[in-house]
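In the two complexes that follow, chain A is the common piece, with chain B as its partner first and chain C second.
What follows is the complex of A and B.
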């Protein structure tokens, strides 16, 4: 597990670098792991759709090694019948992200939003996993604490214009996610705070008194040594800086 | 570059990946600042208090 954590950290660091305008390559991560492709694939499966996040948010072509490792991860770690909903959703999101980067002509500028995910997520985009996705009942019935925890685990689904059932649930409960964000900060659970903060960056109805921008910067300062925390916070800041973008389900109907 | 075929190596990482994708919430404790301040004051008062009188040796 420790070996996998290290690989996840390495890969997440690469992605943070890419989000900040630097270079990024999955091949670099594999190299740092002594050429262990199996470990890189496992790390990619753990990070889920975020492996393709730089190309989604920055509207640039996904490097072929990233697509290849994502494809390998989807194939190698399918959700089983006993898998938890988070595992199933994470897999679903990876398939969606793969469909985006492979369906859209990489060098064709789009007239849609400035952030790529939404722009490519049109009705003509083929979605191998379908639009429904796995069951969301448990999430719907969760208390606000458990809800925030589950959402933070699924933070890779928090992208502009996300049309998953998870995003719809998040959009339905912005105050609960806000409370969960504050709770996570008070518990010094920086990973959960970063994940919740990323969701808050893509939904409407967030109380202005929350001070999300300051909160995100605080989380980055306190927990940014964890590359996964840095990844979520940088994604959130990027998405907040680059609004407006096409509506997510429930966006604009915040309660 | 990356083989899509599941290998034995990938299988052995199955458990770790499953665990990483379905983590339990980390234990956390709230520290109430007022309670902490009260405890600190009490500890300070005990440290600064004069020693208890002892019977003189006669």
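What follows is the complex of A and C.
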């Protein structure tokens, strides 16, 4: 497990570097560092769709090695019938990201998971909120504390113009996620704070008194030694600097 | 809408806390015996001030029930006649430290309940005219408090509520994720002063009410998790002062479970005071007073919501 966490750290560090201006292949570099392809694939599965985040955020083609490792992770770790909605959603997001960066018109993501319907739309078809993707009932009914925690685990879905049902739930509860951010910072749970902060960067209705920009910088300062924290914060800062994005379903609604 | 069983939990906390305060009221005595120093006497006036401020609210809130109101009235009567020697102890401290706001802060709630000490008031009015009274260096939340007591007593204000509020931490509505314990107490006391200790929730400016409505749940969650019952109790008071209080049943149940068998509320989880009776009292009186305070306000708000007609927007 230690090996995996090290590989995750390495891969996340490469992603941070790429987000900050590097233009190399993330997976290629990591592979050359560790030389263990299986480990790289496992690390890619842990980080999920974020393996392709530089392409998504910087709007540039994904390097083939990154696409390959992402595709390998999707195939190597399919969600099973007992998988949690979180795992199913993470898998769904990877398939979605792959579909977007490869943009092969006839590509169809496979059935996404055990709990929801198949994502049968092509990559260029707009997805109405709630269609396709695993179930969000548990997320919808969660207290603000659990809601933020779950969202934070699924921070890879917080991308510009996110159209998943998870993003729609986040957009419906900006004050709840903001409270969860406060809670995470107070607990010095930097990873959760960074994930929540990343969601707050893509939804409307965040109370200005939260001080999100200062909060993101604070989280980076205090918890940035964890590359996954740095990854979420840099993603959030990039997205904050590059608004407005196409509205996600339900954006701008209140609590 | 708060469930009746949740209201019962809130009410029970206050009922038991007031019983403890009544049973242990001798602990408020400023001069235990001839060995008590003058310094200590003055120091021990603070708990009486808190008893007076909160006791007045407990007494005025009809929801507390006739037994609670009767016990509270006895507490306040004893405090004035016995502990403060009919107000003479306040005059004594005032003569020793004319610029101290402490005797004034204690006097105001008693005065509002009908107790009087003319000599104290005469000295107060002469001291209050001094430039030095307004110029005293105090933390912003304390300055707001003095301003509020001036208003309540009908004295010219040494600073307006708006200016005093703007200088407080809460008045600037800073990043809510920076709230540490000392900030927490500054926030609660800013709300206490602006609302006349819960008697006038309309005194809370709209923008502060909105700010607190947004962030108070996160702070309640935080100090509930830490198990700091003293600050949690004060935050629950603040909640009950909001236009739409959360009256969080999870927080209230945990708060109620923290209360000791005899009705005392420990300041923190896992820290039961031991030793001399006086020391035990000193460790317990404040969180127990706060528990009574939070209970009576929250119960009152919950009952008000029950009574409010459907669609009145107070649910």
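The rule is simple: the second predicted complex is superposed on the first by the 215 of 255 C-alpha atoms of A that agree within 3 Å, B and C clash if a C-alpha of one lies under 4 Å from a C-alpha of the other, contacts with A are read in each partner's own complex, and residues count from 1 in each chain.
Keep in mind that, in the parts below, a residue touches a chain if its C-beta (ideal position, glycine included) is under 8 Å from a C-beta of that chain, and two chains touch if they have at least 3 such contacts.
What you see is a predicted model; the values in this text were computed from it and never measured.
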Query - chain B or chain C, by number of chain A residues touched - result: B
**Report entry** Contacts of A:178 with chain B and chain C, given as first, second, both or neither
**Finding:** second
Requested in this report: Answer with first, second, both or neither: which of chain B and chain C does A:102 touch in the superposed model?
Outcome: neither
Query raised in the report: Should A:144 be classified as contacting the first partner (chain B), the second (chain C), both, or neither?
Result: second
Requested in this report: May I ask you to decide whether A:209 touches chain B, chain C, both, or neither, giving the answer as first, second, both or neither?
Outcome: second
Requested in this report: Based on the superposed arrangement, let me know which partner A:186 touches: chain B (first), chain C (second), both, or neither?
Outcome: both
Query - Intersection of the chain A residues that touch chain B with those that touch chain C - result: 145, 186-187
Query raised in the report: Which residues of chain A touch chain B in their complex?
Result: 1, 4-5, 8, 27, 36-42, 45-46, 48, 64-65, 68-69, 71-72, 75-77, 83-84, 86-87, 90, 145-146, 149, 153, 186-189, 192
Query raised in the report: Quick one: in the complex, what on chain B touches chain A?
Result: 1-7, 9-10, 13-14, 16-23, 25-26, 28-30
Query raised in the report: Which of the residues in chain A end up touching chain C in this complex?
Result: 144-145, 175, 178-183, 185-187, 207, 209-211, 214-215, 218
Query - Interfacial residue positions of chain C with respect to chain A in the complex - result: 173-177, 179, 211, 214-215, 217-219, 221-222, 225
